[in-house]
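Chain naming follows the written order as A, B and C, and within any one chain the residues start at number 1.
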Amino acid sequence: MVVGDIATGTEVLVIGAGPGGYVAAIRAAQEGLDTTLVEKDAYGGVCLNRGCIPSKALITGSGLAHEAGNAEFMGVHADPAVDLGKMVEWKDGVVDRLTGGVEKLCKANGVNLVEGTASFVDEHTVRVAHGGEGQGSESIEFEHAIVATGSRPIQIPGLEFEAEHVWTSADALDADVVPDRLGIVGGGYIGMELATTYAKLGADVTVVEMLDDILDPYEDDVKRIVRKRAEELGVEFRFGEGASGWSEGGDGGYLLHAETEAGEESTYGVDKILVAVGRRPVTDGLDLENAGIETDDRGFIETDDRTRTAVEHVHAVGDVAGEPMLAHAASKEGIVAAEVIAGEPAAMDQRAIPAAVFTDPEIGTVGMTEGEAEADGFDPVVGEMPFNASGRAMTTGHTEGFVRIVADEETEFVLGGQIVGPEASELIAEIALAVEMGATLEDVAATVHTHPTLAEAVMEAAENARGQAIHTLNR
Amino acid sequence: GPADESDAPAGRTFAPPSARRLARELGVDIAAVDGSGPGGRVDEADVRAHAEGDADSVGGTDDAGAGSADAPEPKPAPTDVGSGNRTSAVSKRGS
Amino acid sequence: MVVGDIATGTEVLVIGAGPGGYVAAIRAAQEGLDTTLVEKDAYGGVCLNRGCIPSKALITGSGLAHEAGNAEFMGVHADPAVDLGKMVEWKDGVVDRLTGGVEKLCKANGVNLVEGTASFVDEHTVRVAHGGEGQGSESIEFEHAIVATGSRPIQIPGLEFEAEHVWTSADALDADVVPDRLGIVGGGYIGMELATTYAKLGADVTVVEMLDDILDPYEDDVKRIVRKRAEELGVEFRFGEGASGWSEGGDGGYLLHAETEAGEESTYGVDKILVAVGRRPVTDGLDLENAGIETDDRGFIETDDRTRTAVEHVHAVGDVAGEPMLAHAASKEGIVAAEVIAGEPAAMDQRAIPAAVFTDPEIGTVGMTEGEAEADGFDPVVGEMPFNASGRAMTTGHTEGFVRIVADEETEFVLGGQIVGPEASELIAEIALAVEMGATLEDVAATVHTHPTLAEAVMEAAENARGQAIHTLNR
């Protein structure tokens, strides 16, 4: 089917080509289902175009410059200069290759691609309005639908994104000049990743956060390491303050206004203000009610463990279906949705969805913390290996952080892990496999790990939990 | 069996994804399967054995474990890897 | 026990404090055995002092300088200068911290430390000669012994290490000036890691290798990627030539002589010559025959799967006990030796010992290749994910290489994996756990992997093997 054709019918209609939707569409096509994917903007969704990928590219670039500029201790003398415009150009090239790849992969798997904005007409029909003037619209009938319309940034009253100096994360990923002073509203993972990036690029960064610490869902000792490092990079934190607006600064810049719960007001001189206080589901214009689907009070579509909405033949996946709002969760849900539609015994039955924060150092977590395990009725045992005892960590110059592994004391089943430190985002994969497999501490400890690697710390943490660590003292 | 002594709390069954999916495919409640692995871990063979046991016993009790002697032959269960004669790489050392 | 005391007896005597010996001693002490560890030179053995750790430190330093100097494409402009002396000083500091740590950990676990050179007097006695004049010697009786005396570099006739310009790998890790021209004899992993390091430090590197390719044990497509990249870094390869000696070069440098099997001679102008053609076991002076232990024709001590020699109460672990001559294999054997002595049901029963090469890009392998699986009677199925299709790889600027996973077709049990690319040494840990756990391709594919990470490529390779890859075309 060519874009613009009048599609009369499809077995599976997928709305939104982010990591939830395009993955669902490809898997549905692989299952032999006639599949149509509607996207109104750009293939790859938020993740590829203005989320995961662009942020990680700038984190690499700013990180390399910063690291090379601070390596005298290892005999490397450099005084790197960063051309942010050029870095963003490189990032755009990466994005283009990836989004082009998504389009190609969809086609190669036989997915019908339709460009336009979909809205439900009834339980088995959508209308797709094609972009641009006079492009008209078409109706598509479907047997099954998968809603994967994603999310958008939450706006704060007084800090509307219309102002040029009030940034969404997307704007922060598309700047070509580093602001001298950057105010960031929100110390969640998006705020902290960009705080680190811009601090390394040379901006004076102030993070204003309503809560009394960064990275709300993480454990205190994990947060502390990331916060301390950010402070070393020059990031200033204002906790317990809510951003309320901005005014002209007089010096060509602006004043970011914030106030405590008690009503004390402060202002911070800034040149740009990044608002990163969370994301909300995109369902406006979808006319979900025409398909008989309701949203919860936060606007999310509720689904069961087969990703089905209250209307059985309509699935919802990804950010629009609620927490965890992560790309790989969206993709997993997309796969499950496609397979359930195809009649396969798929379900969202995984024990754990890992999560990473690409700060300096990184965080990687999966499954239960010690506290969660206790709350769940387990008698948890915990093992740790600090990276400052890891030979590999020392040889990279990055020894902050630790690997923690959580297991059930009696059975030794691995329940989860928390890693903060170099390559934490990669290292967590092994613990995720351990959790899914029902591996025990002994299984992880007995698996030979290459020396010298950071991954050895996972093994050491497992040994530590068993009172048998070699490279740390056992508790 | 070992599963009885060491059942994890919270009603959680420890089993790899492949066994969980197989259980759904065969309509087996994985929580009712006797695991033959450490700590009562359930593998695909356990799920198959349970399913065969269920099919065999009217009313589908779940006490027909992996060792059930008169259960019909299950499909060849992957209890070990393939037909290959698998040996530890290290046992070859020193030769 | 204080060094110099006359030790009359010990339950477990360990000879050599490398990663085989010190790990064995710590675990033996953890098992409640009275344990004595004899070391004649430096705690940590070759690995910590002049092997794994120093090489990885210089690889980091040279790699960072090279990367920062070649990052214009991502908007980072730097012209790094390297002070090799300073880099080696940093490396020495890392080594000191680690070897000091080993000593402390031994003591904290209650291991008796004895400094000196051990040799067998009979089946239950060693004599330890203390270093230095007039230090005398002592006899130690033991119930069980663990020989962990390691290995030393093989010397080539005509290229004796006595000459100042003929380097062992240890010399290459202790230089304070980068030679203009470095000849490297041997394209194994040590030669290739140091070729990469010195090429990045600015030396003109020529590798002379008797075989017709580098990295003998690896598959062709793995080798090719590393060789091509080395060539891009300016490394010249001379295959099918054996180094035979050196002569004065006239220009203050030297000529490295090499000849083909047919007898054709070539000479290469060099300033230093690194000989890295393998390592042989250290057993001289040990008087093994006094304990009734023989070595094989290559000088290794033969052991069974409990690490026992022909004399049951004497174990041998690590490089002295043969292939694979790797630090983590030595440590694993050390743990098994200690546990077997303690009466535990331990054995070298693991399915696979991973291995890594820290070239650019890295190599990480574990378990069987496709060919080995076939030879072993399996019907293998293989899945691949090239890093140039990985979003995370693109955002790091390193997209060379691939993840390959090998499984048994019928049962889908994972048999092994080969990774060449960024962080291959770390990523292989997940496949090692999969192999040890008896995980299937489905288990790896169904485990949610964080986006965007390189580890996703492991999942994609598993999906590819099942004909279900999302981000590559399935075969």
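Here, contacts are C-beta pairs under 8 Å (C-beta built on N, C-alpha and C of every residue); 3 or more make two chains touch, one makes a residue touch a chain.
Fair warning: this is a prediction, and the values are worked out from it, not measured in the lab.
Novice: Name the shape of the chain contact graph, picking from line, ring, star, complete and other.
Specialist: Shape = complete; every chain linked to every other.
Novice: Between chain pairs A-B and B-C, which one is joined by a greater number of C-beta pairs in contact?
Specialist: B-C
Novice: Quick check: how many Å separate the C-alpha centres of subunit A and subunit B?
Specialist: 36
Novice: Can you check how far apart subunit B and subunit C are, centre to centre, with Cα atoms defining each centre and the answer in Å?
Specialist: 38
Novice: Could you tell me which residues belong to subunit C and also touch two or more other chains?
Specialist: 329, 350, 352-353, 437, 439, 443, 446-447
Novice: What are the residues of subunit B that contact at least two other chains?
Specialist: Where subunit B meets two or more other chains at a single residue, that happens at 16-17, 21.
Novice: Spell out the residues on subunit A that touch subunit B in their complex, using ranges where they run on.
Specialist: The touching residues are 345-347, 349-350, 376-379, 408, 410-413, 436-438, 440, 442.
Novice: Tell me, which parts of subunit C touch subunit A in their complex?
Specialist: My answer: residues 19, 23, 26-27, 30, 47-48, 52-53, 56-57, 59-61, 64-65, 67-69, 71-91, 94, 97-98, 101, 105, 108, 326-329, 331-332, 335, 350, 352-356, 364, 389, 391-392, 394-397, 423, 425-430, 432-434, 436-437, 439, 443-444, 446-456, 458, 467-468, 470-471, 473-474.
Novice: Touching subunit C in the complex: which residues of subunit B?
Specialist: 16-18, 21, 78, 81-86, 88-91, 93-95
Novice: Using the touch rule from the top, collect the residues of subunit C that touch subunit B in their complex.
Specialist: Going through subunit C, the ones touching subunit B are 296, 300-303, 305, 321-324, 329, 333, 348-353, 367, 373, 376-379, 408, 410-413, 415, 437-440, 442-443, 446-447.
Novice: Which stretch or stretches of subunit B touch subunit A in the complex?
Specialist: Residues of subunit B touching subunit A: 6, 8-10, 14-17, 20-22, 24-25, 37-42.
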